[in-house]
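Mind looking over this structure? Questions follow.
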C-alpha cells in the first residue's frame, strides 16, 4: 500500500530486488495515481496496482471532506487567524481544492480559485468563487493554499507581488507546490513566530509567512483527516488487498479501479454506521430504468 | 439530436423506415443516455450516438446549475411560496438533484435527500443534507421534488402520509416520477387554485398540491434553463454534429462520449465569454506531472 | 397604514384638512420610518405612529427573507439570467441588502457589497462578501441591485464605467436609487428587449439593461413577497391598529415601537402555524437569568 | 473591566471595601450585561458601567464570528471529529449561537437549533436550521453545544435519551449549561479518552463524551478568539475606559451603551486595517435621507 507512489518509485529504481514476490499493490493519493499511470503508460510498471484513490468512497470523501476540514484545521492551529473576511486563494480545484474552497467559504472567507483546466475553472466560477490567474490572485490574497499535485503553483513572480503579511500553506502533495527556494532567495531572513509559522522578511520589507515548511499543513500542524473519513479509505484498502490476494495472479501490470461492488459495499457499511437508511429500487422501478422502449 | 431518447425509440420501433440515411445522432439528457445504453447493450442500436449529456461542459452545468435554478424558479412562479424555513424533500442526488438541493438550501430551506445509491446518499449526508428513506421523508416534507429519471419516486404509500398542504413537483424526466394515478385515486376531487397548481382534496381531508401535472416544472411554469447554461450544451451538440459528419462512417453503432478536445474547447470558449483568464502549465510543470521518477 | 410615509407626507402638506379625527397610524417600511423620525424630530408630526417596520417579526423576516427571495425572483423573471458565476453588486447592507446578498450567494453568484456605514461594511466582509466603493464595484458588476433607501446609489460616474451588458435593478424604495436621468442622458436610445427590460444603447457602444424602469423589481416583475412572510407583517399591522384604537388617546405624536408582547405573540403564532415547538424556561432557569448574585 | 460580571458581583458583596475610588467599569459579555442590568434594576449598582458587549463592533463580531469559529476549533482539537454529516444541536440562537450554527453548517453539518424565544426560533428556521424542543433534539444529536447563558440547557431528561457516542460541549458562559451533576449521577464511571474528552459510561451502556469539563470549549481546548476579532473588542474597551475617565463623574450608576461615535470609529479603524474602502454619503444623499417632504 503506497501513498504518493514513493514506495513504487523506489521499488522500480533503487530496490528492484524487492520486486520479487510482489503480486500487487494499491495507491492512496491522486498524485500517486498520476505517477503510476505515467509508469504504466511507459510500459514499466511491474505489478498490478489498484487505484484506491479513485474509488468513489475514497476521493469523494477523503479528498473533499477530509482535506477540506483538516486543511483549515491545520492553518487555524498554526496561526489562529480569523477566516471571516479573509481572501483565500486556492490553487487547484480538484477534489481537494473544492473541499477546501467549500470549507473556507463556510468559515466566512472570500474565495479565489486558480486553475489550469477550463472545465474546473468554470465549475469554480459557477460555484460562486472568483476565478483568475495566479498572477492576479497573488496581489490580493491573504492566505494561499496550494492543492495542485504539481510544482510551483506559487512561484517566484507571485511571491514578489504578495501583500505584506500573506500566509502560504500547502495541502497538495509535496513541499514543491510553493517555490520555497525562490522564497528563501528573495528573503533577507526568517524567524519562527509561532510553531509551524516561519516569517520571511523580504528584501523590500514585506513579511510573508510560510506554514509547516510547505509540507502538508493538515499533517504538519493538525492531526490529518478525521477517522470518520479515513475509515472508508482504509476499508477500500483492506478490501482491495483481499481482492488482490485472490485475483492478482490473473491481472496484467496495469493500474486498476477498485471493483465497483467493493466501492458500493464500503458506502453501504458507512451509511449503516451512521444510522442512515436509504431506499432500494422496486422490481418495477428497476425494470423501467433498464428498458429503452418505455418512455413519454 | 434527441432529448430523452424518444425520437430514437420511435426510429427503432414505429419508424424504422426513417433509419435509412441516418449516419449518427446525439442525446441531451441523463435519462436518454440510460435508455440508449440499454438499447446498445441489447445489440439493437442502429447508428452511433454521442452522449452529449455526459460531456463535462453539459451535465456539470446544465444539469446542476441549470436545473438547480430553474426548478426553484418554476416552483416559485407556480406557487409564490417562501422557501426559507420549508422542508424540501429531493428524490435523487444525481447532478440535477444536487443542483436543486444546493439552490434550495441557498434559499433558506431545510433539505432532505432520498437515494437508492449508497455513495450518493453518503455525499448528500456529508454535504449537510438530511438523508432518509422516502417512507420517512414523506411525513415531514413541505415540498417534494423528484429528480430520479425513474418511476414512482413518490408512490401511493408516500402520498398517503404526506402533510396537509404539501406540494409535489417533478424536475426529473417524465410525469411518471410521481404516481399521479395513485394521487387521483386517493383524492375525492381537485381544483386548479393557481395556474400550474392542482389542489387535490384527499379522502381524509388533506389537500395536496400537484404542480404542472407532474411534468418538468421548470418547463411547465418557468422558462427552462437560462441561455447562459444552454449555450454550452448547444455548443457541445453543434460540435458533436460536426464531428459525426466527419467521422460517423468509421464508428460502430454504440454510445460515444463527446471527444475530450471538444469538451475542453467549449469550456475555454465559455470562460472567454465570461472574461475569465486562467493559468496554463509551464513546460517545467507539465514535465513534473508526466513523470513517475520525480517525487519526495 | 402607510407604506413609505407618502400618505403621511400628503396628510402633513396638501391635505392637512384630513388630519381631523385621525388618532394614530402605522408604517410598513424602513424608508418610511426614517422619514417619520425626521418629521417627529422637526416637531411636526401630528399623530402617534407605530413603526411596524421595526418589529422583529416584520423587518427580520419581510425585509430579509421576503426581499431576499422576491428580488431575485423579479430579476430572474425579467431576464432569465443564470445567477451562478455572475458578479452581483449590492448597494446597501441593511436588512434588505443582507437578505438579497444571502440569496444571491445561495444561487451561486459572487457578491460585492457597497456601504456607507463602517459597521455594516465590516459585517458584509466577515459574512464573506467582497466590500468596496461603488466606484470600483461599478467596473466589475454583472448585475447591480440598489437597496439603500436613498438616492443615486448608482450614479452617473458609475454608469459611465459599467461593463457592456450590465443589468441594473432597484429593490430599495423609489426609482431614485439609480440615477435614471443620467442614464437617459448618456444613452443614444433604448429598446424594450423583454418585458421589464429596457436596453439602453450608450454613446460609447455599451448596452446597459434597466429593469422595471428602476421601480421595485419584486413588485414590477414578480409577485412581491410570498404570503408566508407578509402574514407576519400584516399581523403586526392588525394588532398595532387594535392597540392604537385602545391607547392612541394617551400617546403623544411620536414614532413608537410595536409593543413587545404583540411582536412576540406574532412570532408564537407563526411558529404554531409551521408546526414548530420550542422550549420554555423552567422556573429554575428563569431565576438564574434574573439573578446577579449567582455566577461562576 | 469585567468578563461575566464576576468581579462586579464580588465588589458588591464580599469586597464592598474596594468600591472606594472606583469611578466606572465596563463589561465584556452578554451574560455579564444581563447580570448587571438585574443589579441596576434592583437599585444596587454602585458605579456606572459601559456594556462593551453591546457595542456593534463587539457583539456582531466577537460573539458571532469569533465564537462561531473558535467553538468549532475547540471541539475539533478535542475530538478530531469530522463535522460533515454530523447532526449538531445548538442550544440558543443568540449572537453566539447563530455564529456557531453558521460555521457548523459551513463545515457540512446538519444543524438543529433549540430556543426559548419565538422570534429567534423563527429566524433559525428561516435561516435553514431545524428547530425543535431539546426533548426531541436530544434523541438525534451527534454533538450538543450550549450557548444560552443560562443553566441546564442540557438537563437530566436530555442526557437520558441521547445516542451512544454523543458529544457534549459548552460555549456559553459557565459549566452550568450542561447538567454535569446529573451526568455524573447517571453514569457508572468515566475515563479521559483524549485530552479534554471525558467519556462517561452510562448505567444503560451508552457512552457520552463531555468536553473540557463543560467549561468554555474554545478556551479549554483551543486558543479562544482570533486576535482579528479581539482587536475590536479591546479597542471598544480602551476607548470606553478613556471615556469613563473623562465623563464618569457625571454619570449615574447605571448600565450604559458604548457611545455611538466610539463604536463607529472602531469600525472605521478595522476597515482601514483590512484595506477596505467604503462610500460616503454625498451632501445631496444626506439631505434626501434627512428629509420627510421628498418622496415618491
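For the reader, a short list of remarks on this structure follows.
To keep things simple, chains are lettered A, B, C and D as they appear, and every chain counts its residues starting from 1.
Quick note on the criterion: a contact is a pair of C-beta atoms (placed from the backbone, for glycine too) under 8 Å apart; a residue touches a chain by one contact, two chains touch by 3 or more.
On a predicted model such as this, the values are computed, not experimentally measured, just so you know.
The pairing of subunit B with subunit C is characterised as same-residue: of all residue numbers used at this interface, over half are used by both copies. When the C-beta pairs in contact are tallied for A-D and for B-D, the bigger tally goes to A-D. Ranking every chain by how far its Cα centroid lies from the centroid of subunit A, the top place goes to C. Centre-to-centre spacing of subunit A and subunit B amounts to 29 Å, using the average Cα coordinate of each chain. Taking each chain's centre as the mean of its C-alpha atoms, subunit A lies 35 Å from subunit D. Taking each chain's centre as the average of its CA atoms, subunit B and subunit D sit 43 Å apart.
The set of subunit A residues touching two or more other chains comprises 65, 82, 84-85, 105, 108, 122, 125-126, 274.
Residue ranges on subunit B touching subunit D, taken from their complex, read 82, 84-85, 105, 108-110, 122, 125-130. Note for the complex: subunit B touches subunit C at residues 65-66, 68-69, 73, 76-77, 80-85, 102-103, 105-108, 163, 223, 225-229, 274.
Note for the complex: subunit B touches subunit A at residues 4-6, 8-9, 12-13, 34-36, 38-39, 42, 44, 56-57, 60-61, 65, 114-119, 121-123, 125-126, 131-134, 136, 149-152, 174, 176, 263-264, 267-268, 270-271, 274, 276-282, 284-285, 288-293, 295-296.
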